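The same subunit A turns up in both complexes below, where it pairs with subunit B and then with subunit C.
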Partner chain A sequence: MKVTFPYMGTSNIVFKSIMEELGHEVVVKKPSKRTLSLGTEHAPEFACIPFKILLGTYLESLEEGADLIVTSGGRGPCRAGHYAQLQEKILHNLGYDFEMVVFEALTDSFKDFFSNIRKVAGSELSWWQIFKLIKKEWYRLMVLDDIERLTHKVRPRELKKGTTTNVFAEAQEIVAVAKTEEEIKKAKEKSFELLNDVPQDPNYEPLKIGIIGEIYVVLEPFANLELEKTLGEMGVEVDRSIYLTGWTKDHTFFVPKKDGVEEAAKPYLDQLVGGHGLDSVGNTVLYAQNGFDGVIQLAPFTCIPEIVAKSILPEVSKDWNIPFLTIFLDEKTGKAGVTTRLEAFVDLIAKKRDEARDRIS
Partner chain B sequence: MNGYLGIDVGSVSTNLVVINSEGEVLEKIYLRTKGQPIDVVQRGLKELKQSLADDIEIKGVGTTGSGRNLTSVVVGADTVKNEITAHAVASSHIVPDVRTVLEIGGQDSKITILRNGIVVDFAMNTVCAAGTGSFLDQQAARLGIPIEDFGKMALKSKNKVRIAGRCSVFAESDMIHKQQMGHNLEDIIAGLCEALVRNYLNNVGQGKDILAPVVFQGGVAANEGIKEAFAEALETEIVVPEHHDVMGAIGAALLAKDKIVNDGEETSFKGWNVTEIEYTPSSFECEGCANLCEVIEIRMDGEIVSRWGHRCNKWDLAQ
Partner chain C sequence: MSVRIGIPKTLSYYVYYPLWEKFFTELGAEVVVSQNTSRRIVDDGVKETVNDACVPIKLFHGHVLNLKDKVDYIFIPRLVSVNGEQIYCPKFLGLPDMIKSTLRGLPEVIAPKIDLRKGRFELLKIVYQVGSILTKNLLQIYSAFKEAKSYFEDFNNLLKEGYTVEESLKLLEGEEVNVDLGQEESSLKVAVLGYPYITYDPYISVNMIQKLRGLGAEVVTTDMLTHRQLDKQKPKLKKDLFWTFSGEVVKAGYHYCETGEIDGLIHVTAFGCGPDFMVDKLLELAAKDKEDIAFMTLTIDEHTGEAGIVTRLEAFVDMLNLRRKH
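Entry: the complex of A and B
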């Protein structure tokens, strides 16, 4: 079949590879301004921007003949959990003929999860072959995340602006073409080498900002107006609280792992509020404990879980003496407003760090 | 005498000021941007040169506002700084112990919290322009009242009418309905001022530690109705600085002065004759990839001098 899936950051490389190995033809649509126009035209007005972007990419893929959409569902009281079903309805009403496979958490229904795998994988591969394929591609996903983490360290230190971003693009291609686990490992080494070779200022001490918020706008640069690149090129080292490998581990295969986020959030919020609301609160505490200079919260406009988190953050920020900035994202593609806020925020935390150092010395 | 030029190119107004070495305002100009930032800067410079004393030599130039990058290319700026920082610098220069700055401009509203002269927190309206200068302008025009008298009328009210303030569309229809019911104009305008202040405090002011002294600046600070509504809501005195409408430009000039004085450098100012040069901006959509970047380029007498808006390095100018 001709398959498409949600486009989110570097994970598209992995999903493409999985689908191709399963013998499908793949349509990958990187979100663009046209995606936005299509998505906003056919989505309910008050849906959030991730919904609109994904709906737009599905429409573009269906135009190119895709007939299977593979996506994930979700748990918890965030409406994104039902987005797949709603998108399926909208697209069918528009007259497209396709099938949609929605992966819900393994813990919700064992049977559905595996029958969905079978649906996508076809009947020829054995479970063992499927397992091996998933294991390999999982490794590829981890490698991509590791490479991206390294770019966050290199970018603020690069001597020529833009070098890291170019090398990162090259690295993604190297990882994409690797066929076996062995080759992926080599691709990782090669990518690390390329990134470490980017001319850098070894003495530069960047400010450190942690990124929290809703998963889609955190992971997809098109949705967040390339926040990580913009901050990196302002000389800031960023750390992202969410990576797809982390999320998948928590939500699909295993019981939630104990990484201290829930514990850290507890004095402020002791229950799930949907989406990543709890994580946003907990991670702010963790970033403060780990000596970060500030936190930036990314939220789709009208996102309830992040609105809840935002109203709690002033207290966390005060208790832990860590400034935070909330950026709501929607249809706007003009970067000037976001850049202004980021610049001012970086000024603020730079002054704060200088002050703290003056006090010590 | 040494002068430092600050230029704030905002969405609605473009302001130019010249300050002396003590940071006092020597001259200020307030113009409407009208979507033509380059023209208006050139016009402003022309006016400024005529009104400025002959013995003043420009030693430094700073730009700020949403048009700061564009303007810095045209005039040759020593500092290019965002308006949040510029505004904070200006208010703590004029009111040294300021702890809260309320700022409402044409399209932006923001709050800045300072402690000991340092910005410790800020917020800016993100998605809606309700409660900003543009909306007040619009309503004044709709009611046929000069914007200058709008605030004074609010002060005459004895019985404020409640107006919805969350969204400019809601506010406008609520105002119209109340008018149709026969409420008088003063009460409606006072209600609008109160609604905008409520919306501001609830939106950008949410979760902020608002402590006195409170400075209120930006174009809307001229509106006494809004000033009064702030004083009532915050139960404190509101300070509106003399040059409240050009604080961004003052901040930009102060930043340029600091840089020049600290680094001991010569200014990059291109001189007053930039008003004679023809700058033409143009834009195109790059179709190299799905990003479809809107690339903007500036030509100086026909030659490309700057280009931005692209994400990759395809359109970088060769240095």
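Entry: the complex of A and C
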């Protein structure tokens, strides 16, 4: 079958590899302007930007003959848990013929989860082979996340702007072609080497900004207008609070959370509100405790959990003396506008850091 | 002097007010309700609330401000799950926290977490937790709650008969209400579906239900259906909606489309409402399947003017009348 799946950051490399190993032909559509206008055209007006981008990539993939969409569900109360069902309805209504497989959390239904795996994997592979495949690809995903973490450290220190981004693209290719776990490990070492070889200023002390918010717009550079790159090239070291590996662990299996986010959020928000609302509040506290200079909240326009978080953040910001900036993104957000706001924010926190240092010395 | 407990006249007021009011008054408290929604309340709310929030949340802030200096406590229950399965919109879940973070100088907020997914016993615990603010007498608390519950049932029965929330409350207090619900067989029937805090708030909905009645249409709503009727529609959804109110609205829409008793379906929604973009699309697709049911979405926000809405309602009713003739 010709398969497509939600495109989100570097994870597309992993999903592509899984599907190809299962013997499917894969259609991967990197989101573009056209994707977004297609999605916007057929999505309800108040759907959030992840919904529109994904609907757009599905439309583009279906145009190219995809007939199976594999995606994930969710338990709410964030709206994204219903997206698969609604997108399926919209696409069928437009006359497309395809099948959709939705993976819900393992904890919801064991049976559905495994029968979905069978549906996607076909009947030939044994469970052991499937398990080994998933284990390998999980490792690839972790490697990609590790590499991306390193780029956040290298980029602000690079001597020539743009080098890190180019090397990162190269590294992704290297990881993508690795076949076995052994090769992935080598690809990781190679990528780290390449990144560490980027000429850097060793004495430069970058400002540190934590990125919080809704997972899709945080992970997908097209949705956030390459915010991490923009900040990095302004000389800011960013730390992302969400990675797909972390999210999957929390939401699919039985691994209890141990990172203290919930504890940190408790005085301000004592209730899970879905999506990453609670994480946004908790991580802001943690970033403040860890000496970050500021926090940027990224969220799609009309994102409910992040609106709840945003209305609580001013208090957190005051209590912990950490500045924050919220950027709500929709299909009309322009890059220049966002960049201006980022520049102003960075100027402010730089000044704040200087003043604090003057006071100490 | 008795303790004054303030209840903002919006959001869950339109669903649970009689229950709370009876409970608190039975325990000797004085219940103070914020004034009717007005320009002033809307503006005050808009000024304070985070700009990306929907109108109902902004309105809620306005109502809390309206109560602020008149009461000893403000009652803002954290509605998480009442039916033990579905939950409420995340903004409801975080409501007390949003209010406490945003508004300054509030009286003490009573914010019990109502999450009945934990089992039936949970409800008794919540009742005691809230009641114990007023008295330590366990027996008195539970008998007050029993009274409140039966009062609340009467209220729900009136809703089922077709009265609006406001009319039902008046009837409960023994006032007279001048509404003729026994419409003629031949009159148009329009379903007005939306969240109770929008459709029943006369200001924010610009009196939509009364206007439609005035145009000669019989109005049906979500509240006129029983839980059983709604549950029957569940299999039509591949995955039941997470949110209680949204699920009810969609199922009511499916019900009226199935029976075919309505001529038109109006979905009333608030600008920026998160769950509603899904509800709206689902209702639109359901109505699309039925050739003889017309569908319209009315989006209201803090700037909605009466004239604009009335024009659209009139046009809608005119169109329905024309369709009937052909």
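FYI, the second predicted complex is superposed on the first by the 358 of 361 C-alpha atoms of A that agree within 3 Å, B and C clash if a C-alpha of one lies under 4 Å from a C-alpha of the other, contacts with A are read in each partner's own complex, and residues count from 1 in each chain.
Heads up, the rule we're going with is that a contact is a pair of C-beta atoms (placed from the backbone, for glycine too) under 8 Å apart; a residue touches a chain by one contact, two chains touch by 3 or more.
Given the structure is predicted, the values throughout are model-derived calculations rather than measurements.
Note on subunit A: of its two partners subunit C and subunit B, the one contacting more of its residues is C.
With both structures placed on the common chain, the touch criterion links A:Leu348 to subunit B but leaves subunit C unconnected. By the document's definition of touching, of the two partners only subunit C reaches A:Leu269; subunit B does not.
Looking at the shared chain after the overlay, A:Phe301 reaches both subunit B and subunit C. In the superposition on chain A, contact of A:Gly235 is made with neither subunit B nor subunit C.
Of the two partner chains, subunit B and subunit C are each touched by A:Pro314. Residue contacts after overlaying the shared chain place A:Phe328 against subunit B and subunit C alike. Overlap of the subunit B and subunit C interfaces on subunit A comprises residues 301, 311, 314, 328. On the side of subunit B, the complex with subunit A involves touching residues 66, 81-85, 118-124, 126-127, 206-208, 290-292, 311-313. Those residues of subunit A that touch subunit B in the complex are listed here as 30-34, 162, 166, 226, 301, 311, 313-314, 323, 326-328, 330, 336-337, 339-341, 343-345, 347-348, 351-352, 355. Contact residues of subunit A toward subunit C in the complex are 44-47, 73, 75-79, 81-82, 85-86, 88-90, 93, 268-275, 277, 301-305, 307-308, 310-312, 314-315, 328. By the touch criterion given at the top, residues 49-50, 52-53, 78, 80, 87-91, 93-94, 97-98, 101-102, 113, 237-239, 241-243, 272-278, 280-282, 285, 288 of subunit C touch subunit A in their complex.
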